[in-house]
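We call the chains A, B, C and D, going by the order they appear; numbering starts again at 1 in every chain.
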Amino acid sequence: MKSIVIGVIGADVHAVGNRIIEYTLTREGYNVVNVGVLSSQEDFINAAIETSAHLILVSSLYGHGELDCKGMREKCQEAGLDDILLYVGGNIVVGKQDFQEVEKRFKDMGFNRVYPPGVTIEDVLDTIKADLGD
Amino acid sequence: MQLKNKKWTLDEFMAVRKEVLKSWPTGNDPLLDLDESVERLRKLPAHKNFALKLIEAKLQNRTMLQPRAGVALVPDHIDLLQHLEAAGADFLPSTVDSYTRQNRYQEAEEGIRVSEMQGRSLLNGFPVVNHGVKNCMKVLDNVNVPLQARHGTPDGRLLAEIIHAAGWTSNEGGGISYNIPYAKSISLADSIYYWQYCDRLVGYYEDHGISINREPFGPLTGTIVPPSIAIAVGIIEALLAAEQGVKNITVGYGQCGNIVQDVASIHMLEELTNEYLTKKGYKDMFITTVFHQWMGGFPKDEAKASGLIAMASTVAQLAGATKMITKTPYESIGVPTKEINQIGIKNSKMVVSLLKDQRFPDSDKLHEEEEQIRKEVHCLLDKIYEVGNGDLAIGTVKAFELGIIDVPFAPSKQTMNLILPARDNEGCVRILDFGNLGFTEEIKAFHRKKLEERAKAEGRDITFQMTVDDIYAVSNGELIGRPKGFKTYENN
Amino acid sequence: MQLKNKKWTLDEFMAVRKEVLKSWPTGNDPLLDLDESVERLRKLPAHKNFALKLIEAKLQNRTMLQPRAGVALVPDHIDLLQHLEAAGADFLPSTVDSYTRQNRYQEAEEGIRVSEMQGRSLLNGFPVVNHGVKNCMKVLDNVNVPLQARHGTPDGRLLAEIIHAAGWTSNEGGGISYNIPYAKSISLADSIYYWQYCDRLVGYYEDHGISINREPFGPLTGTIVPPSIAIAVGIIEALLAAEQGVKNITVGYGQCGNIVQDVASIHMLEELTNEYLTKKGYKDMFITTVFHQWMGGFPKDEAKASGLIAMASTVAQLAGATKMITKTPYESIGVPTKEINQIGIKNSKMVVSLLKDQRFPDSDKLHEEEEQIRKEVHCLLDKIYEVGNGDLAIGTVKAFELGIIDVPFAPSKQTMNLILPARDNEGCVRILDFGNLGFTEEIKAFHRKKLEERAKAEGRDITFQMTVDDIYAVSNGELIGRPKGFKTYENN
Amino acid sequence: MKSIVIGVIGADVHAVGNRIIEYTLTREGYNVVNVGVLSSQEDFINAAIETSAHLILVSSLYGHGELDCKGMREKCQEAGLDDILLYVGGNIVVGKQDFQEVEKRFKDMGFNRVYPPGVTIEDVLDTIKADLGD
C-alpha cells in the first residue's frame, strides 16, 4: 500500500476538500497520511519521511498558495526526499488568472503537477495511479 | 483568567487592553486613545454608522446588500470599495487577509511588500492591522456607506481596536463562529475570551453613546450545516455579546437550498434570538438578520453562478432578511475583480428591489419547518445551559467538548466533528450521524425518517457517500447529490 | 367561409390547402405531399418529437428550457441552434422574422440577400417560408432535440405546412394570440379561420398517428396583461385546436412579477384548460404549461437582466411549469448573439435544476389568488359562449367586438383597447379601467379595492400615470412604479 | 401648437412605446399625429404634409429599422418636406452593435437625430423643445 501525504498548506483552513480527498484516496486503497489544514511545508515533509511516501499532494484553496509553496522543493531535497512527487491543486492563486502562467510559476518552483480550480480529486485518480506506477 | 459569561469590569478590560495594543506596532498609535475615538465617532454622520443604518434598513422592505471584498494595498482597496458602492452596495466590507486572521502580521507585511513590488494583490484580503488606524480612516473617508471588518480571526482584539477607532462601526465574528470554521488548535475558551474583549470594547462605545453593530458569522463552515446548529451558535454569540454591552446585533444564516427551510430559518433566527435576549433580561436590543448567499462550493460556469446568486436573493427577500451577503460569478475560481464583484451586487439588487413588497406566504409546510427548528434550538440551548450550570460561556465550552453541539466539516479540533449532515428528498438539510449531539430521541427520529424517504427514493443506504454527493451537488448544478442514473419520476 | 367552431372536413381542408400552397413558390415542393410527410415523420426518433418529449418532460420534476432564436441564413441558424443545444436547451425554437410574419416574403427575400452580402443577419429571425422544406429539414438534421416554429403570424398556413413537413413537431400561435399582439387590421374572424387550418393540419397528422404539439402564445402583448385574460385566451385557443383534432397542447403564461399571482396563474392555467377540455368532451388530450420569463421591458444592465431571468426561473420551477421560455442579458438591447443566448439558458438551467424537487407550498394566500383567477376566467368564458350562442369561435369574435374580452396595449384594432391594468400594492396585476370587460360587479369591486390600497399608500389617485409608471418600472429595477420620493416604510 | 408625427415603421408591431410617446408628447402640449404601428414611410410623410408637422419621430423596435428607413429622406424631399426633422429611436438595428457606427449609418440616410436603446421619450423632451425652437 503506497503512502500519499495530503494536507492544506499555510494559513489555509478550508477543510472540506481535504476531508473528501482523504476519503477518496483511502477508498482507492492508498495509505493516506493527512496533515490536515494549517500545515507548514515542514509538516508535509516530516510526514512524508516518516511514512516513506511517494507523493505529497498539497491543497491550497485560499489564494496564498504562491507565497506558501515557495521553496518547498528545496526543503524536500534538503530532507533527502529527492524523488518525491509534488502535486498542488485547489484555488492556488488569488483571483482568476491565466492558468498557463500559473502552471509555469509552480512548475518553476519544482511542482510536478499543477491543477486549476475545478479539478477534483476524482479527476486525477488515473494520473496518480500512473505516476505511482501501479 | 476564568471564563464566565459576565460583563468585564472597566478595569479588567483596560488591563488587558494594554497588552493587546502592544501586540503589533500599529497598536501604538495615539489615535487609539479610547475617549478621543468616542468623540471622533460621535461626529460620524448617521449614514456612515452601521448600526444606525441597520435600524433605518429594517423599516424598509428591501433586503440590504453587502459584498465581500479586500485587497492588499490601500489605494486599490479604496478603488475596489468605490466600485462596489457605485454598483449599489448598501453596506461595505473590508475582508481581511488570512495571515492577519491568524495574527501572522509578519507574513502579512511580506504580502504587502510583494504586492507592491508586483503591482497585484498577493493577499486574499485587506491587512487591517498592518495598515493601522490612519489607513483605515482613509478608507472610510473615501466611501459614503458604513464599513465593517469581515475576517475569521479567533483573536481579533487588536483588529477590533483599530477598525472601531477608525470609525468602522461593525465587526463580524464571535468566539465560536470565528474559531470553529477558521482555526485548528485554538481553544474555545480562549477564543470566547478574546471575543468577550471585542464585545466589551463595543460595550464601551455603547456606554458612551456610540452605536456599533456586531455580527456573529452565521454560516460557520458553509457546508450543509443544519439550520438549528447555526442558529443556536448565533443565539449564543448574541447573548455573550449582549452581556458585554453590545446592543445592535445582526444574526446570520447561510443559505441551505430548500426554500421553505431557508425561509423558516431566517424567521426562527430572528424570533429565537429575540426570545432568548428577552428571557435573559437584555433590554434595548436591536436585532437584525443577514442571509448569506450559498456558502458552499459554487458552479464553475459564470452564468450558472449568476443563477444561484439571484435565486438566493429571491429567498432572502421573501424571507424578509435585513441584509444579504452577495457572492460573485467568480466564486468557484478565486477572489473576484471589482467588475465581477459589481455583477454580483447588481444581479442581487435587481431581485431584491423587484420583490421588496413581497413576502413568502404563511403555510402549514413553513410552520412545520419553523416548529422543527424551534424545537431543536430550544433543545440544544437547554442542554448547554444545563452543562454550564446556568453559565452560557462555560456551558458552550463544555457542550463542544462533549459533542452536545457539533459543527460539520470544521477544521477545528474544538468540535467533535462527529455529526454528518445530508439532504432529505426535498433538499432540506438533515442529520445522518448525530455523534453526541444534544437532541432528543424524537428529534433524531424525525431526521432519520426524512433521510429514509430519500434513501428509499434513491434505492441506496444512508451512508457518508450521500454527504459527499451532497457536497459536490451544487457545483454540479444540483441541490441533492443523487446517485448516477437516478430518475426522479420512477418514484412518483 | 362561415366561421364556426367545427372540425373541418377533409375535403374542406384539402380545397383550401391547394390555394395555400400556391401563395409562394416554396409551397410547390413535392416534399409537401401530406402522406409522404406522415411517413417521414413516423420515422422521426422520439427524442426529436416535441409532443412525445413533452409527455416525458411532464413526468420529470424539472421545468424544461427553450430559448428564442433565429437568424436570416441557414448555416448561421444551424450554428446558433447547436450552441443553444450545447448550453442545455431542452427544446429548440426557430424564431421567424417579422416580414414572414406579415407574409411579406418579397421583403424577407431582400433581407436574405442583403444579409448574405453583408455577412450579418439583417433579419430578426429565420425566414421559414423563403427557405422552404428542404432547408428546414437540414436544420432539424443538425440538432438532437425537437424543433418548434415561434413567430407571430396571423396567417401562418404555408409556414405550418412547411415546418411540419420538415419534421418540426410543434407550432406556436393561435387565431387570437398571433393576431391581437402581432397585427393591426387583420380581422379576428380571418385569423381564427387561418389557425383552424393550422390546427386541422395537425389534426390530419394526429389522425394518422403522428403527435404534433401546439402552443397558444400566452403572454399576448407581454405588458402587464391581467392573468385571467391571458388564461381565458389560452383556453379558447386550446378548445379551438382540440376541435380540429389537436391532442398535445402547451398553454402559456408570461410572468407578471408577483410570485403568488404567478404561481396561482400557472396552476389555474393547467387546471382550467383541462376542466374546459373535459367539459366540452375532448378526450385523450395531453396538456402542459409554459412559463415565459418576463415579457415586458427589461433592464439595460446585463447583470440586472440576469437577476430577473433567474428570479423568473425560480418562480417557474416552484409553480411546476412544464417548460419555460428563456430571455437573455441583451433583452433590452437587441437580438442576442449565440453566446449571450447561452448565458440565459445556463443561468436558468442552474435554477430549475437546483429547485427541481421543490414546489411552492400551498397556502391561504395562494388559494385566494387561485380562486380569484378561477372566478374571472369562468366569468369571461361564460359570457363568450353566451354571445356566441354556444359557438366558441363566433363568441370569441363577438366578445372582442363588444370588448367583453380585451387585451391591453395591443396594436390590433380587433380589440377595444379600453382596459388599463396596473399593479396593486404587492405588485399583483389588477385592472384600473375595465372598458366593457365581461366581469361581474363583484370582481370589479375586488380590483378597485386592491388598487385603492396602493393609491392610498402612494398618496395619489388611480390614473393612467400609474400604468405608465408600471410599464417603465421593471426596466428601472422595480416591480411597482412608485411616484418619486415614495418611501415604503412611511406607510407601515 | 406644433405638430409632431409619430409612429412605428415597417412590419413592426411594438405598440407600447408608441402609446407612451403619444401620451407624453400630448401632455407636453404638442399636436401629436400618431400613424401607429405597421406604418410605411408614406404613412408618416402623408401625415406630416396634412398637419404641416415640423418633426417626424420614427420608432423602430424590432430590428429591421435599417431596411425600413432607407430612402425616407429622399421621399420627404420628393414630397416637398424640405426642412422636416427626422428622429429615429428604439432598438433600431438587429442585435447589440457599436452605436457610433449605427448612428453614422442613419445620419448618412438623412436622419437628424438617432438614438440608442434605452433612451426614452422623456430623455429627449428638451432636445425636441430646442429643435422646434420653443
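Following the convention adopted for this analysis, contacts are C-beta pairs under 8 Å (C-beta built on N, C-alpha and C of every residue); 3 or more make two chains touch, one makes a residue touch a chain.
This structure is a prediction, so every number in the text was calculated from the model and none was measured.
Student: Hey, how far apart are chain A and chain D in touch steps, shortest way?
Tutor: Graph distance in the chain contact network comes out at 3.
Student: If you average the CA atoms of chain A and of chain C, how many Å lie between those two points?
Tutor: That gives a centre separation of 54 Å.
Student: Could you put a whole-Å number on the gap between the CA centroids of chain C and chain D?
Tutor: Roughly 30 Å separates the two chain centres.
Student: Indicate the residues of chain A shared as contacts by at least two other chains.
Tutor: Residue numbers touching two or more other chains: none in chain A.
Student: Would you mind listing the residues of chain B that make contact with two or more other chains?
Tutor: In chain B, no residue touches two or more other chains.
Student: Between the chains shown, work out who touches whom and classify the graph as line, ring, star, complete or other.
Tutor: line
Student: Okay, what are all the chain pairs that touch?
Tutor: A-B, B-C, C-D
Student: Per the contact definition, I'd like the list of chain D residues that touch chain C in the complex.
Tutor: Against chain C, chain D makes touches at 10-16, 19-20, 23, 36-38, 62-64, 66-67, 91, 93-97, 117-118, 120.
Student: Taking the touch rule as given, give the residues of chain B at its contact with chain C in the complex, in rising order.
Tutor: 59-62, 257-260, 299, 301, 303-311, 313-314, 318, 342-351, 353-358, 361-366, 425-427, 474, 477-480, 487-489, 492
Student: Could you pull out which chain B residues touch chain A in their complex?
Tutor: Listed in rising order, the residues of chain B that touch chain A are 97-99, 101-102, 104, 107, 110-111, 114, 120-124, 152, 181-185, 221, 223, 296-297, 300, 330, 332-337, 340, 409-411, 464, 468, 471-472.
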